[in-house]
Structure formats: structure tokens, C-alpha cells
């Protein structure tokens, strides 16, 4: 099964993609979509190898996380808009901050970066190679510790759970 | 009979070809071959005499250029026959002579081959039945004579002489062609018979003078007449047999022959007399005078030839029938004695190793026999009685007296002067036999071999026979020749030695005595033997003038080319752009009119969008020199606006394609940008930009503004006119019913105009192959070989990470997750765009580009080596298969009897899925898709591989072996 | 109703090279011989096809001598029509001949020094053939691009500094010219609503003044593009350097490519602006005439000024273009006939010359040539040697003879086809065949220029030949493989045939010219060609 | 609208002209890019301007051709875009090849002597 | 705009605020990009464009077409997904590029030294 | 209300175009290369949104694909630029 269908999740998503693109549920499209959903990951597999395909341990938690992030995004967007339109007289406190990370799973890191970057006001810069610290740039920084705590508890922890990080990683970072 | 003519003319050419194939040292075989050919020719000529001797004209005709009324025509009348005999008889003697003259070390095949070819060409001139063909053979004689003069081409004089002779005579030939064309136009035919019959018509025609001048130019150059005579002395660099043959007996007589040939048509006018006789007089005097002061025996003979040719020309120019007779007669006499003299000079040269008359003395003792022959021939040249030269000169004197009448003696004076000079140079020539023998000769002279002297003996004998018994020996032939020219106007004449005491005889005596006196005086008081320059005439040096002219011509041409042209790109582009603006403005009358602009609601937004596009474009133009990256991004901005415009203005297919092309182009240029040199602004370099540069820039701005305005005006003119009832509607109406798809643009691409698409993917394939081939030999500039600055420092902690490391566990790890995860999505989306193309925006192009970009992203992420170790995309095979799929789809129609690319939609009824339409255009589009993927990948990857290659080799260039072993997979 | 099998022959000159080229990409470079023979086989097939098409056009196989092929089975003007008439077939034949020769020549060396030579060569043939056959302006653009792209690739094949310098210039100019081509086509479409040449000519009468002006601008812009490609002064400065830099077989094909530009101008102009064109008649003819004459002057001067053989040949090609352009601009049918004959001869000879040049380069020692030049300029007399000639090895003799042959044709000297062509031009100029017409200053100017350019060519080629073959000192006999000599001989032999058989050839060309000067017949035939109907034939003409 | 498009084409083309007259090969490349935008738009305009009238026949009955954009110029532009991309690639590669061999990025392959 | 006539009032009442909000946010984001003083601040401007701005418009579009075509139109979701999958890469890479470029170039006024994460290399 | 909707769509359209103008200003003035890259990327995004709004304005789905394509692949040129700035080469 794994040989022919490396990632059922991905294949499902691709099938959904196909059907959405074609806006049709006709048998022909289902068939074609299924074929593509199987073939495309197979084609891509050699290049995916270092990270493998993602496996979700707790999909529900993912949805909750996304919901939370959505609210955060809207909130931050409004904050940033305000700051752009009405700049503070004494200027913004834009800064780089470092956050030590425990998360190692590449997909987890990607998800984290997606959430952080999608949230206006913060930009993921990089993970410093030697100490595994995340560098963020914050548009208007009030309290560095608050940020560290928020990221670690509200984002990192759920993500670690979602991807159910195992001890024996296929590809240790 | 007519076939004989053909044989006569073909024989020498066949002989020439055979001669060329013989071994280098086959002197005897060559000579025998040449003699056999010539003898056969003589035999044929003898056979032909049975007709020609009766005054008949023998014709041979074969169609050649019927459209222009030009046949391959041979025509033999009396004149032609006589000239044929001249060519063949002297030819035979020269062949024999050449056998002994040429050194055993000389590679003779070439010599005899050229000589025979020349003979053929000369026969062609004489026998041509139409004027165009005559010009052909005329130029052939120039060509062969060029090859013969240059036979000893390792010698500079031979090369110069050959070039000079060819340039002058070939130019004359061009003039002749022009003249003949005019003549043909006047007569309405190039046929010789017609032309000869049309004398009155020609002389009355307004173009007569032009025809005359150009034909005369042809004849005068060939016969070395003033002022074109200078080539002849330089042609003496040829081996002596050549001089004896070409430069005394035959080729130089071609000009004379032409004047004789066209005499009935062209002569008889005041212009004829002025031009022909004028040239004759000048040449005659000049040549004979200059001959006296030559030191080279052959040089003397050459000038004497010039002078005698002048004499003949003068006779022809006089335009009286009797002068004509004299001219023909002297032509033969001159051929006979001059050929023998050349041969004698050749013998002396051959025996003594020099022809310099300042050294040669007292040769009579060593070579009495040759000496006697030479002295007799010289006497003939000087016009001593009892020799042939005397007779024709006598006739000449008579004619000059006749022309001037009793009042005007000038002509007679000129004639006598020429006589005096010729006696003088004849004496100079024979002076080598007298006096005390010198000891400084390069070789000790002896009598030449028996058979080398034989031709001279024959010729001298002829001098005597003709001189003593002209009536029986030569008169019938002469009459035959003259009658064929003059026809009913042939004068009655008889050749006799003794005409009684009369004016011509007096002139002869004066000439003889005067000549001797003149010679003695010159020797005594003028240091004739050592003078370097010809008195009076040394100012005019034709050869120097020629060389200077040729040199100046080259210089002037270089100047002209420089002035009229350029080798730089920028002026050429400027010209192209100026032409783009200027030519329509100049040529098109009236220019299209413009309507008043109408501003509508959505225009403001549109204008705003194009404000962006234009600002980007103008800034890109401004930045492209020093800030390439910025310029590239700015162009990208214009690209986005362009895509959006397509989208907005009802061209979704274009928008999609433009978007993808934008992306690919950006990647492409970024791949290349690395190899360009850094460019610092003048400010950074502290350089002042000169005024000239600013001027140039202002000019270019002007051109750019005018060009831009022109394009804007054109666009506006088009946009404000209603569209014509074009072919566009047709496609819309049939795209669904007959094209099988609802997207008219796609159906156009794969069906209506599938042929275009075929060519288009071929262009892509070609470019990809070219790029690949080019980059295999790519050699980066030394300074761009180094690892980029970004990676050669310690500021960035990951600067030295290897590509695969970056992506798999380095700084690109997180980005890599996105980029890798996106790959299957991109593949599905590419498929989507591909499949829907026929009915909705999309299609093989866009899909191919999406697919290619999807893979390129992986390359950007993990580097060439890593990706290719896992995922071998053999791009060149994709290209091949893409083209083949598309082509075979088109060819499928052949099987059903339809033209290439005819499309058909198969309607399949499948269980569960229902009716599926599979248009053949689908497969065509598949070919397009595959080809586009292959092309894009090949181009981008060939570029990308350069980094890998050049980093592998930090020092030195990629070696050939490494270049050749670059993987085929990309 | 099925299409007769031999009707498909019209499209073969495009498809065969395409397929061969595609297959050759897939073949590994190491199988050089196989690749070569596929390539050659294709070229020879093209020769046969072209000959057959010529026969079909000339023998009454097609009514009016015009074969129309509707690609994709769409009637003109909607689909793309290919048209094979006498002229197109002739040009196809010329292409195939030159290609065969160039290819043979390339076997020894040039096809191996880089990759994908064979594919590019086939694609070049495809482009050239397509340009000769297509009857659609935009399709013409596509085939021009195919041809140019392939020529870029071939020009840069195995590149070095000179070649890449020339290539940059050639490519930049042609890219710019291609943009002009597009502008021209767009304007023509905007003003007439069609791209098919016949349809375009047919629509001229219905067009209003404004539209006519736009059309003229379009055609003028289009012409600039073609003229840049056919190297009319002052748009052709790229040519000498390009020709000099290209490898011999490529240079030979480049010679043909300038003629493609000329061909298109001939075709378009005679179709659109001939006497039957009403208000548009005669547009631009004068510009062509005088531009052509300027080109002759420039080319002739260039020949005189050139020392390097490649540039000499390049300027020769410019002269040839100039003569052809002025012939078209002169606007007289009989002159066009002679012009076509000239085109044939000069293309073959210049092609052979290009191939020959490299062989000549092998024997030329530049030092000796310079020395010889100095000695001639300063008339330094050598100590006269013993008058003993030097024997010439067979290979050298071959080179010398071939050079002489090429030189004679290029300079228009007798006895080869160059002279016949020149004579034909002069004859046609002096005898226009129309009662009461007298020569104009243009007649005399053109004649004089042709004459003088011939003279210039004579002087230049003579100088070059003498310095190369005679003055170069002791020449070691060159290595002359048969496979390199054969194509040159082939081309020159064809010139000889052209001379000897000038009568039939000229008769054919006269028929060709007649076709060209009767556009209405042409238009009717192209526009009335029926599509194939039948079981698959969903396309009935309504 | 017509005026805007005409001016836009003019400005793009003019910028392109300026650039192709410049001495550095990258400038010429940029110029060719800009000019091909202009020319593509120009060809496109030959079918006149249509807003929201793409040449698709999606409905059950055929559209009136007079109310839909002309598909032909679009097809031509599509071909022109692709060929333009190809030639850009080619010019780029020759540009860097020339720079590597001749040591300069001047369009003539040599620095002008000044 | 005939199609618009068929939009029911309730849908229009939802669409109008979405469109206005989306448009405004986009404008503000771009304004930020243009106006903010240094790069590290400017990069936050487009973030609101691609998240909230694009989100509003995508929802509007989905709603609009669902109502217009009387069927569920969800494919705008794909755009949202793709944007979410690509925008973070872009900002990560640009950000990182900017940081090290500024560090290398020693641009002290660029804002890269704000906070105590990055330091300029010792000048030699 | 319907005309209000039309107005709103137009408003969004105008906003997007003006946003593009702002991006262009940044693209033109830079000053750093990464500023321009950012501006260009935002320009792409605005292009995507413009396509989306055009779709609504004309009530047509034709414009969707362009937006989809930009959403999926618009970032490629940006990351190419970014990589070029960071590494001096885009494919190592």
C-alpha cells in the first residue's frame, strides 16, 4: 500500500483539488482525479524523500489550531493596519527576537512558520543553525518574553502534538 | 561541313583537358599531343577550304539562349578561315618550339593545356557567329592568356604582368560586351550576319557613337593600343613561346580582327576615323619610339608589336577599302616576322641566360645560323625590300599619302617617322649579334637544338616567300579574306614587289636611311645602350598608372566602405529604427488620419495601471546599465501589467501564458546574470562622461521618442478605425462545431493554425538545442569563476553549506517543506490546465511551462546534483518526443486521405463515464506540452549546470574532455 | 473524396526535415555516422521531392501550374495554405541542392565539432522550405523564425571569439528585424483582416484610403525586416562579418538565406503591388530599385576593400542581393526572368565559394600573402629566378580551378552562368520588349553598376586568387578529402549545366515570371482550392 | 482606452528603442524584452479592444462574432510570446558566452577604443 | 453588469462590507510597503494584503459566485490554500536575504541590528 | 443596494490598482534590492487580487484561472530573486 500510495492524506487533498478545480463530481472527473492523486505523489516521491510525506496524529487539534490562528490573524491585521495608517509619534519598536525551539519535525516547523508569517506583524527570519533558535522579526514589540511564551505554548506545543514527534526520526534535522 | 566547324573548335579544348592530365615531365608527349591537335585542326580547316574558298559561308548552329535570340553559332567565311590558319600554323610552330624551350624541370602539362585552351578560345573568337558568343571567347582568351603569362607564378613580374594584362583586357571585354549589347539592340539581333548587313541602320542610329566607343574600347585594350598599351610589355614575363604566340601573332590581333570583322557595320563615319585612326597614330608613334629605348629584347619586341598594331589600327581607321587590304596583309606579315623574332629572342635568352641588350654582344660568332634568321626577320620588320614587311608598309605609305591628298602631308610625315623609328629599333635588336663578344654572360651560348630553330626557319622562309613572290603565295588568300569583309566593295589590287618609283618608295627610302642615321646618332650622342628611361615618354608610365589606380581603388573602396557602412552593432540598430520610422513616412502618402480621443469610464483605472507599466519600463530603460537586477524586476513589473491587460481585454489565454513566461524568463535571466561583469557607475569610478557621449545619448533619446510616438500613432490610428470584415469571425463560428473545442484561441493554435504551432515548438526546440550546444563550450570570464561573494564570507553562518545540505537539513529546511510539498499540487494543476485548454483558457503551452517551473523550483531548492541523482529528466528526449508526437498526430490524417493536421474528434462511449470526446488535437497539444517541458528544462538546466561545472574547476578552464563528457541527461 | 497521394508532396519539404530533425535529437551524438546518413538521406529525399514538385508545377499536372495544400483541411484564407508553384519548387530544389552539398562537406569535420549539428541543419531546411512554401504571412514569420533560430545555432556551432562576435550582431539585428516583421504583419491584418497573401491581394480593391495607408505602412515595415535579412544597404552591415565567421557549410546555407528575403519580397510585391493592384500599384518599387543600386555600390566597394576571403564572399553576396533587389524594383517581367537565372547561378557559385574558402585557408599562409602585397605595392623586384615553373599538385589544381570557376561566376565573366545571367540582365534592360519604351536614367545606372560591380569583383577576386595561389610561396599540397571536394564540384558542375542548358532553364524561368506577373490567376486558384470532404470531412465549404 | 493603450505601446516601444541602441548586451536584452511586450500588445490590439468578451463559445448557442473579441490576433500573440521567450533565452546565452570569451559585455564583443 | 441584478439583497449586504474591507486592507498594506521607514518594517505591510485583504476578497468571490450561479462555488479556497503555502516561503527567504545582505554591507541604519540577535562583523 | 455592490466592487478595484501603484513606487525607489523584490512580489499578489475582482465585476469565471496561477506560481520568481540575493546563484 505504501509503495503505491505513499500518502493517502496527500492523495485525498489532491483529489479534492482536482474536483474543486473542475467544479464537478462527474464519474469521469472522479476517475481522472483519483488517477492523478495517485500518480502525482509517486512522481514527486524521489524529491520528497528527505522530508517524507506528512502524517497527522491529531487532525482535530490541527483544525483547532488553525481556527485560533485565524482569529489571531484578523486581530493582528487590524493592529498592523492601524499602525500603518496612524503611526505612533515615537516610532515603532521593531525588533528581532530569538525563541528557542523544541520542535524538530520539518512539517511542524513549516506549519509554525506558516502560522507566524500569516500573522501580520511577525516575520520568521530563520532558525539559527547551531542552537536551534528561531529568529522572528516583530513589527511592534512590547514584551519579548510574552512573545516567547506565546509561541512556545500556543503554537509550538500543539504542533508537536499534531505531528506526534517520534524519537526515531527518519530525517533528523 | 558544319560539324567540322564544331570539331575544329572542340579539338583544342579536348586536347587541353587531356594535356592537363599528363605527368609533369612528359614534354615529348605533350608536344606531340599539341601538335596532333593542331595538325588535325589544320586538316579540318583544309577540308573547309573547299567551301570557304568559293566565297561560301559555313554555318554551325545549336540552340543556346533562344529567349535572347542567341544561339551557339559558328560561322566561317574567308576572313575567319584566314585567321584560323594563322592561329593554327603559328600555333603548330610554337608548340614545336615550346618543346625545346621549356626546361625539363618545368611542369609542362599546365603549359600545354593552357596553350591549347587559348588556341580554342582564339578559334572561338574568330569563328563566332554571334556577337555575344564572340565576347565569351574573347574573355576566354584573356583568361587563358592570364594563366599563361602567370605560368612562372613564383616570379613577381609574372604575377604583375598577368594581373595587369587580365585586368585591362577583361575590362575591355566588359566594354565590348556593353558595346555589343547596344549594337544588338540597334540591329535587333546579335547574329553576325544580321549585324554585318545592318551597317546603314547602325550608323544612323543615335546610339551608334556609344556602341562604337565601347566596342573600340574592347578592341583597343586587347590590341594594346594607346593608352591601354602598357600591359603588353609587362606580359613579356610569360615564357617566350607564349609571347611569340599570344603577343605577336594571335591574341593581340583579336582586337584588330574585331575591327575588321565589324568594319562593314561600324566604319564609314567621321567618329570611326577619329577614334580608331587617332588611337592608331598615337600607338604607332609611341610604340616605335619607345621600342628603341628598351634594353630587354622582348621588351623591344613588345613595343614594336604595339607600334605595328597601331599601324594596323590606323589603316583600319582610315576607312578606305584599300587600307583595309593593307591592314589585313600587314596583320599576317607582322604575325610571321614577329613570331620568328620572339622565337629568336627566346633562343638567345635560352642560350645566354639573359635578354639584356646592354650585355649581349657579338653573338653572331657563337650562333651564326640563328643570327642570320634574326637579322632577316628584323629586316622584314624594318620594311627592307624583298621581305614581306616591305610590301605591307609600302601599302601603308601609299594609303597615308592618299588620305592626306596633296595638301595635307601630316599623315605621311607620321608614317615616315614611324618607319624611321622601326628601322632604328630593328637595328638595335640585331646589334646583339655584332661587336666584341662579352665574357660576362650567365651561360656560354651555342646554336640551339635543330628542331628548336626549325620554327624560326619556317617563318623566315615565309617572310622571304611572301616578300619575293607575293602574287602567287599570298594574294588569293588575302583576296579571300578581304572579300568576305568588303563583299562587293572589294577593291581590285595586286601584290607586286615593284610599283615603280613613286611616293611610297620614296618614303621607304627616307625611312630606311633616316632610321639608320637616327640609330647611329642615338648611339653616339644619347648613350642609347645605357639610358634608363625612354626620353620624352618617361613621364607617362602606363604600368605605374595602372598600379596606382588599382591601389587607389582599393584605398578608395576601403574608405567608401567605412563611410557607407559600419561593423558596430549600435549604428546598425539605429539605422534599423530610423528606417522603421522614416521609410513609412517617406513612402506612404497620404498617412492615415487620426480620430479625436474619447475618454470613457474605466479608462482612468486603465491609465493608472499603465502608469505603472510605463513607469517600470522607463525606469528599467534608465537602470539597465548599472542596476541589472533592478531593471529585471522593473521589466517584471511591466510584464505583470501586460498580463493583466490581456486578462482585462478578453484574452485569458494570453494572460496565462504571459504570466508563466514572465516567471520562466525571470529565472532564466537570473541564471545568466551571474556571468556578467560588475558594472560600476561613472560616479563610482570617478569618470566624467564626455560631451560626445551626451550628444549620442540625446540623439538616441530623440530616435526613441520619435519611434515611440510613431508606434503610438500607428496603434491609435488602428484602434480608432473600425475593424475590417476579416477572417476572425470564421473561427468563432466553427470552433465548436468543426474544431471540437469552445476556446477559439486554442482551437486556432491546434487546428486552424496548427501549422504555426508546429513551427513554434520547432523554434523552441532549436533554441534549446542551440543553448545546450553553446553552453557545452561555455567558458566563464575568469572573474566570474569565483564563488559568489555571498558565499565566500563568514557573515552568513550557512554560506558554505552545500546545496543538498541546505535543503535537507540546512537553512532551507523549512522553505523546502513548502517547496517540496507543492510539487504534486503543481503537477495536478499543470494537468488541469492542459486538459481544459481546448475548451477554456489553458493548453499545452501553459501546462508545459507550469510543469517545467514545478521542477525548476526543486532545482532551486536542492541544487542540480542532488535533484539529478534522483530525478533524471532527459530533456532532449522530451523535445524529440514532443515534436514527433505533434508531427505524427498531424500525419495521421494522411492515412484517411486528408491533409496534414486535419483534426478529428473521436466520441467514445465508456461504461460509467458516459460520452468522452477525444479530439486528435488533444494529442497534438500533448506534443506541444512535452516539447515545451523539454525545451524549458533543457534551456534552464543547461544554464544551471554552468555553476556546477565552473565551481568544480576553480582554476583553469573546463577541458575539452570534460566539456564533451557533460551529461546528456540535461 | 481523398487527397491524391502526391498532393501531400507539397508539405513533405517541411515535414520530412522536422521529423528527421526530431529523431536526430534523440539519437546519441556518438552515433555520428548514422546521424550523418539520416541527415543526408533526408536532404536527398528533399531533392527528389523538389524535383517532382517542379515537374508537377511545370508539366500541367496542376491546372495553372499551382499546387495548393490546405494544412489542417481549412480553406484559404482561414487555414494556412501552402502553395507550390514554379518559383517555389525551384527554390526548394535550389535549397536541396545546396543543402546536400553543404552536408557532404560537413561530414569530414564540421558536423562533429559540436552537438546537435544534424538536427539544427534539418530544422534549418524546414524553415527555409516552409518560408518558400507558405502562403500565409504569419506562418511565414514562424518559418522565418525556424530558419533564423536554426541559423543562429549553426552559426555559433563550435564557436570561437570571432564567431560569437559576429553571432551577437547577427542575432541582435535579426531579433529586432523580427519584431518589425511582427509589426508589419499586424498592420496588414489590421487593415485588411486577413493574413493569406492571395486573400490580401484580393481584398485590396475593397479597402479605403485610410486602410490603404495603414496597409502600406505595414508592408513597408515588413519590407524593412526582409530587406535587413536580404542585406540591403544600409541594413546589411551584419552580413560580411557573419559570413566570414560562419563555418563553411553554414556560410553556404546563409547565402541561400539572403535569397529567402529576396524571394519573399519578390512574391509579396508582385502579388500585392503589381499592375493589377489599382491604387496600390507600384508602391515601393522605386525604393527597391535605388536601394538595390546603393547595395550594389556598397557591395562592390566592399569587395574591392576586402582582403579576407570570408568578407570578400560576404560582399559578393551583398552585390548579388543588390542586383536582385534592383531587378525586382525595376518592375519588368523579362528582367525578373534574368534575375532569377542570376539568383540560381550566384547562389550556387557563392555556396561553392563558401565551401572552398576553408580549403583555401588551409593552404594560405597569411605571412606570404602580406609579403607579396608589400612587394607589389613597393614594386620590389625579386632576383629573377631560373625560369622554371613549379608543379602544382592535383589537390591544389582542383582548388585553383574551383576558385577560378567560382570567381568567374561571381564576377559574371564568361564562359559560365554568371556571364549568361549578366548578359540576360543587360539584354532585358536594353530590350524591354514593350514598344516605344526607352531606357531611363535608371536603366543606364543599373547597367553601369552591374558592369562596374563585375569589374570590382574581377579585380578583387583576381588579387585574392593571385596572392593565394601564386604568391604564397611554396605551398605544401593540401589534404583534400574526396568528401570535401565532391560538393564543390557538384555545385560548379551545376553551374556548368546551368550555362549549357541555359535555354531550357530560361524558358522555365520565363514561365515562372509569367505566373508571378499574373496574380489574379494565382489568387483565384488559392482561394478556390476546395477542402476535402468525406466521413471525417466535417468541413463543407458553404 | 484607445489612447491609453496607444501611449502605453509607444512608451514601451520607445524605451525598448533606447535600450537596443545602448552598448551593453544586457541593455539590449532588456530592450528586446520591452519591445516584444510592445509588439505583442500591438498585435493584440489589431483585433481591437474588447472588455469581457473573450473568444470562447461556452453557451448553448453561438455568440455573434461581432460582439466577441477576434481570436486570431490572440493566437498570433500567443505564438509571438513563445517565440519571444525562446529568442530571449538564446540572446541571453550568447550574451554570457560572448562575455566569457571576449571578456566584455559590450555588444560588439570588444570595448570601443576611446 | 446584468449578472449583478440577480444577486439577492442579503448577499449584497454581506458582499459590500467584505469588498470594502478587503479593498481597504489591500490599500493599507501597500501603503505600508511604500511608507514605512525601513525594510524590516515594510515587510509587514504586504502581510496584511495577502492575509486579511485577500481573505476578504476570496470570501466575497466565493459568496458572489455561489449566489450568482446558484451552486456552491468553493474553488477560491484553492487560491487561499496556495497563498498560504507560498507566501510564508517568500517572506522567509526575502527576510533572510535582507538580513545577511545588510550585515555584509554593514548597513547600520537598516534596522537589522535592532534587538540583540544580529551583530555586524568586526571591521578589519 | 445592487448599485452599492457595483460601487463596492469598483472601490475594491480602485483600491487594488492604487495599491499596485504604491508597490510600483517602492519598486522604483528601492533603495535596496530586497525592497524591490518585496515590492515586485506584492505587485504579483495585487495582480492576483485584481484578477479576482475583475471576475466579480464581470460575473465571469474566466478570470479565476489567472488568479489561481499567480497564487500557485507567482512566488517562483520572487524566491528566485531572493535566492539570488542571498547566494549569488539561484540553482547551485
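Which chain is which? They are A, B, C, D, E and F, in the order written, and residues in each are numbered from 1.
By definition in this document, a residue touches a chain if its C-beta (ideal position, glycine included) is under 8 Å from a C-beta of that chain, and two chains touch if they have at least 3 such contacts.
The structure presented is a predicted model; accordingly, all values stated were derived computationally and were not measured.
A.B. asks: Among the other chains, which touch chain B and chain E together?
C.D. replies: The common neighbours are A, F.
A.B. asks: Which chain has the mean of its C-alpha atoms lying nearest to the mean of all protein C-alpha atoms shown?
C.D. replies: Chain nearest the centroid of all protein C-alpha atoms: C.
A.B. asks: Look at all chain centres (mean of CA atoms) and spot the one farthest from the centre of chain F.
C.D. replies: Following the centroid criterion, the farthest chain would be B.
A.B. asks: Roughly how many whole angstrom separate the Cα centroids of chain A and chain F?
C.D. replies: 23
A.B. asks: For chain C and chain D, let me know how many angstrom lie between their CA-based centres, rounded off.
C.D. replies: Using C-alpha averages as centres, the distance is 29 Å.
A.B. asks: Please compute the C-alpha centroid of chain C, do the same for chain F, then give the distance between them in whole Å.
C.D. replies: The separation of the two C-alpha centroids amounts to 49 Å.
A.B. asks: For chain A and chain B, what's the span in angstrom between their mean Cα positions?
C.D. replies: Between these chains, centre-to-centre, one finds 74 Å.
A.B. asks: In chain D, which residues are in touch with two or more of the other chains?
C.D. replies: Expected reply: 20, 28, 42, 45-46, 51-52, 54, 56, 72-73, 79, 83, 86-87, 90, 94-95, 97, 101, 107-108.
A.B. asks: Quick check: what residues of chain B touch more than one other chain, meaning two or more?
C.D. replies: Expected reply: 567, 569, 573, 577, 648, 652, 673, 711, 714, 718, 723, 726-728, 731, 752-753, 756, 760, 763, 766-767, 770, 774, 777, 789-790, 796, 811, 814-815, 818-819, 821-822, 825, 829, 840-841.
A.B. asks: If a residue has to touch 2 or more other chains to count, which residues of chain C qualify?
C.D. replies: Residue numbers touching two or more other chains: 138, 142, 145, 149, 152, 156, 159, 168-169, 172, 176, 183, 187, 189-190, 195.
A.B. asks: Kindly provide every pair of chains that touch.
C.D. replies: Every pair of chains in contact is listed here: A-B, A-E, B-C, B-D, B-E, B-F, C-D, D-F, E-F.
A.B. asks: Using the touch rule from the top, collect the residues of chain F that touch chain E in their complex.
C.D. replies: Touch list, chain F to chain E: 1-2, 4-6, 8-9, 11-16, 18-23, 25-26, 32-35, 37-39, 41-42, 45-46, 48-49, 52-53, 55-59, 61, 64, 67-68, 71-72, 74-75, 78-79, 82-83, 85-86.
A.B. asks: Once bound in the complex, which stretches of chain B touch chain E?
C.D. replies: 789-790, 793-796, 811, 814-815, 818-819, 821-822, 825
A.B. asks: Once bound in the complex, which stretches of chain F touch chain B?
C.D. replies: Contacts found on chain F: 13-14, 17-18, 20-21, 24, 27-28, 30, 33, 36-37, 39-40, 43-44, 47, 50-51, 54, 62-63, 65-66, 68-70, 72-74, 76-77, 79-81, 83-92.
A.B. asks: Could you please specify the touching residues of chain A with respect to chain B in the complex?
C.D. replies: Touching chain B: residues 10, 14, 17-18, 21-22, 26-28, 31-32, 36-37, 39-41, 43-44, 46-51, 54, 106-107, 109-110, 113-114, 124, 126-130, 171-173 of chain A.
A.B. asks: What residues of chain B sit close enough to touch chain D in their complex?
C.D. replies: Residues 567-570, 573-574, 577, 597-600, 602-603, 606-607, 610, 613-614, 617-618, 620-621, 624-625, 628, 631-632, 635, 638-639, 642, 645-646, 648-654, 657-658, 661, 664-665, 668-669, 672-673, 675-677, 679, 700-701, 703-705, 707-716, 718-720, 723, 726-729, 731-733, 735-736, 742-745, 748-749, 752-753, 756-757, 760, 763-764, 766-768, 770-771, 774-775, 777-781, 784, 839-841, 845, 932, 935, 939, 942-943 of chain B touch chain D in their complex.
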